[in-house]
Amino acid sequence: MIETQLPAYIALTFVLFSVLIPLFGMWKKEWVQPLAVAGSGLAATLSIYGFISYLNSGPIRYFFGGWEPPIGIEFVYDGLSGFFVLVINVVAFLVLVHSRKIGPLEFPGKEMPYYALAMLAMLGFNGMLLTGDLFNFYVFLEISSLASYALIAIGEKQAPYAALRYLIIGTAGGTLYLLGVGFLYTVTGTLNMIDMAAMLPMYAESTAVVAALILMIVGIGVKAALFPMHGWLPDSYTYAASSTSALIAPIGTKVAAYILFRIMLFIFGIELVDAVAPLSTIVGVLASVGILYGSIMAIAQTEMKRMLAYSSVSQIGYIIMGLSLANPFGFAGALLHVLNHAVMKACLFMISGNLRMKEGHTDISLFDDSYRKKYPWTMASFTIAAISMVGLPPLAGFFSKWYLALGTIDNGNWLFLAVILISSLLNAVYFFRILEKVYMKNPSSEQKEPSDGVRNEVSFSMLAPTSILAMGLIVIGFMNAVIVGILLDIFPL
Amino acid sequence: MIDFFLGHYAYWFTVILLCVGLYGILFKKNLIKKTIGLSIFQVSVVLFFVSIASKWDATVTVRDSSIPVDQVANYLNPLPHTLMLTAIVVGVATLGVAFTLLIAIYNRYGTIDEQELLDEIQ
Amino acid sequence: MDLSIVPLLAILVSLFAVPFILLSSKKPNLRETWTILAGLIKFGLVLSLLPTALRGESVEIHLFDLAPGLPLALNADPFGVFFAIIASGLWIFTSFYSIGYMRGAGEGKQTRYFASFAVCLSATIGIAFSANLLTFILFYEMLTLATYPLVIHKETEKSITAGRKYLAFTLTAGLLLIAAAGMVYTYTGTLDFTPGGLFTEVDLPQHIMLIIFILFLGGVGVKAGIMPIHGWLPSAMAAPTPVSALLHAVAVVKSGVFAVIRVVGFVFGTDVMASYGLGDILIVLAGTTIIIASLLAFAQDNLKRRLAYSTVGHLSYIVLGVALLTPLGMQGGIMHIAAHATMKITLFFCAGAIYVNLHRENISQLNGIAKVMPWTMAAFTIGSMGLAGIPPLNGFVSKWYLALGSLEGDMIVPLIVLIISGLLNVGYFFPIIQRAYFRKGEGLEKHGEASPFMVVPLFSTAILSILFGLFPNLFFSFFDLASSIAATLFTGG
């Protein structure tokens, strides 16, 4: 019984809690964070349950109001959406747990709106993943975006301006997507994704279809921070509060990448995408330029959050490059990287939150080896996440790169292979730079002995999610064969 | 050729509006003007949806006993219009958030000119 | 008794020692007990695999899939056991020596040092027992990371620069290796090390084979110190001497040449190497490296740097032997792994003993030290004579087979290279001995022999090299083992 309605329950959980939080928040302020944790925890449990039930008995389609498509709107819980839902809800749960102590510090008095907005954003993200309707997707896209703009604005002094810039670029992107949907609707007369996938091959040569595809890729590309439409991202992630960055960075761009997967591989199919122009190659090239650009810019940063933001630009490139390869290995690599990057980035942004909590800054040039003494567990987690970002075995990051590399070789695409390898090296440059500072005494400094620091680790509620994610990277690394086995089954061709 | 332009005049207006909106977003320095450009941009897409659903000599989708149900050409397609109701709501909400942010920016920096803001931040 | 778990235990035993080492950081004696205990157990476990290896059989264990179709699998074949015995046996000597050296030199952060050392050994044994390329890469990268803290141990400006250089070289190499493995997997569908190679079934165009080969060469050649990618090795001498001794004479560089043999014999196969003319490339590279490295060794005044260049040269002996693609050459190469390991470790031990005892590290300062350090210099003399290939030391035996191998392949140039380089070896070692014994030293009055912790290990390894030279089969039937390994590589395909 519950299985068939599960997709709706996940979305409804967030609706319910986004109402509950303001109500309770007016009465008892200290309840808002536990409520948000409960909400996201419930959603995470449901998504784990849903994914298991997907593995056992196949996709779940839920028709709202009992109206079957193409008349009604449906939620589709299939392999692709189920996987994404699982990843984002579990990560969001951990991030919200982590925000307990740092939230009141970074945005005092704004806890209630923060958590209510976080629930709304999660509603939007889950809706985007689950919906089986292209216009419905636009609505959820805007729900999540509006909530994200507001979340980002709850931050440092510069945050509202960064949020406004994101709003303008993001809304323009969303509108282009809507225009694309309009084109497709005029051609096919349907908005349902499954319906449309069946109809599109009849209109393969239609200019309107190609124009629609380009408009959608550009529109979603803005949200996914696909190069060169990434301009909004660094400022937004840097000036937002730590918990916001930790929430939005691992989730927001991934969900946008999801719809690119859905459109390019499931609705259009790769033959149709490339029917008129080699669009998949263009997307792939943009992604690889983004990978290199993001990595190089990350090296140039001295502020850890900004560095992580640029690294996000680069990492999203891996995902989209894997998509553009359109072969099973590239697909599995890209999806595995969705999981890996969500875990790594959430972990790294949490660490930057931990440091901001204790040190009040995340300026890399001020890091020194006292950190190792003061925050041994945070730094151990950082080391694991950093090594995984560089892509060394047996950590998770290695395996997504391995599958991506196999995908590029399969297609004989040596340029992309070189990009993956070079960017791994660039990653190594900007992460080992920090590791060097944290684990070694500064050779030019006067003091001979390592700087003394009393152990001053962050509280358990912050440390536990950080370490769980870091441990997760090791577990994912060793279990990747199981995960990739599932992912390869999802591949549509 | 002329037919092509005249026959699609509604779309050409859409395109012109789209360009006006885009111009506002890209080139206006005043953030409120930028936001207005954004709004025009959105409205152009709304108008596009409305125009694709329009038909000559057709009526709204309420059953009229004088027109048989199977004469589809005589009824309008209601879906694009309803979709646009939602899109308009989204647009209004976006404007609301944008103006809230603008107020916050004005309170913090005392200006809403992009160039001055950038100077201020750096 | 079922042996299949033994390879796994042999790898894990030193990893298990790591937490104990870390926990007893305040009690140095207890900490070192753990190291030595782990070393003895490891050696015992590896030895228990010897009877199987001598019968020419392997002990295999499949743990779980690292990637679909690519298990984390261990395979203790004769060649792996051969290498594992050398590495784990010499670790015991090094552990004793480290105690004397680290305490004598008053180095800091000894806990980190011993812990990293234990991880390195796990990785090395893992490399020895890897059954496929992916498992191999996993341990190869683990070795890279675990060695890094040892290279930068002193945390001076110089050692940090050396560490950066080390990472730059080895991480790049790791990426090339990953690319090579990806290509092999794409074209052959397997990565299992097979005597005779993986390419017997597929017929690839010359240029593809050449690309794969060059990628492999870049991947394993860095650790094997093949010119022009040997640059990290002399800089890495900034590490404490026991590190140079074990890692830069045994574990790391020998993993490199081990990998060369794995690639030549077990991935490409000797027949394929010959038919595509890849062996010739290797001969040219190795021959050039031998000569240039020997010449460069002359120019070094720093004792450890001279030893480092000598290492570069001798590693290429092994590579040369393999590249000849003849059974006798292969046998000579494999035996030189053992021979060079025992002799070079002796020399490094001596260099370290001199440094700790007299605080001298330049050759020009070594006048007359044989008077105060007779045992050390005696060992040094044995080691250097062995490297020069003077009978009856073990360097002679392996060189003899290398020479036979080049005659077997009707190649005169490699033979000439061997002879010239033998003379050069004499040329750069003899002045050191001459200074130590026959010149008058200054400021030596107050010094005696180094601590027994150092002298006993260094003299034992010197004795080992004599014994191996006189009776190659005395311990562990090394000679038979080497010849049977070489034989399988030529009849197996």
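Residue numbering begins at 1 within each chain, and the chains themselves are lettered A, B and C in the order written.
Here, a residue touches a chain if its C-beta (ideal position, glycine included) is under 8 Å from a C-beta of that chain, and two chains touch if they have at least 3 such contacts.
All figures in this text were calculated on a predicted structure; none of them were measured in a lab.
*Asks:* If each chain is a dot and touching chains are joined, what shape do you get: line, ring, star, complete or other?
*Replies:* line
*Asks:* Which one chain sits nearest the middle, judging by mean Cα positions?
*Replies:* A
*Asks:* Taking each chain's centre as the mean of its CA atoms, how far is chain A from chain B in angstrom?
*Replies:* So the centre of chain A lies 29 Å away from the centre of chain B.
*Asks:* Counting in whole Å, what is the centre-to-centre distance of chain A and chain C, each centre being its mean C-alpha position?
*Replies:* Result: the chain centres lie 44 Å from each other.
*Asks:* How many Å are there between the centre of chain B and the centre of chain C, using C-alpha atoms for each centre?
*Replies:* 70
*Asks:* Contact residues on chain C for chain A in the complex?
*Replies:* 64-68, 70, 134, 137-138, 141-142, 144-145, 149, 152, 155-157, 160, 163-164, 167-168, 171-172, 174-176, 178-179, 182-183, 185-186
*Asks:* Okay, in this complex, where on chain A does chain C touch?
*Replies:* 387, 390, 392-394, 398-399, 401-403, 405-406, 409-410, 417, 421, 424-425, 428, 432, 436, 439-441, 443-444, 478, 480-482, 484-485, 488
*Asks:* Note which residues of chain B are touching chain A in the complex, please.
*Replies:* For chain B paired with chain A, touching residues are 22, 25, 31, 34-35, 38, 41-42, 45, 48-49, 52, 79-80, 83, 86-87, 90, 93-94, 97-98, 100-102, 104-105, 108-109, 117, 121.
*Asks:* Which of the residues in chain A come into contact with chain B in the complex?
*Replies:* 135, 138-139, 142, 146, 149-150, 153, 157-158, 160-161, 163-164, 167-168, 171-172, 175, 178-179, 182, 185-186, 191
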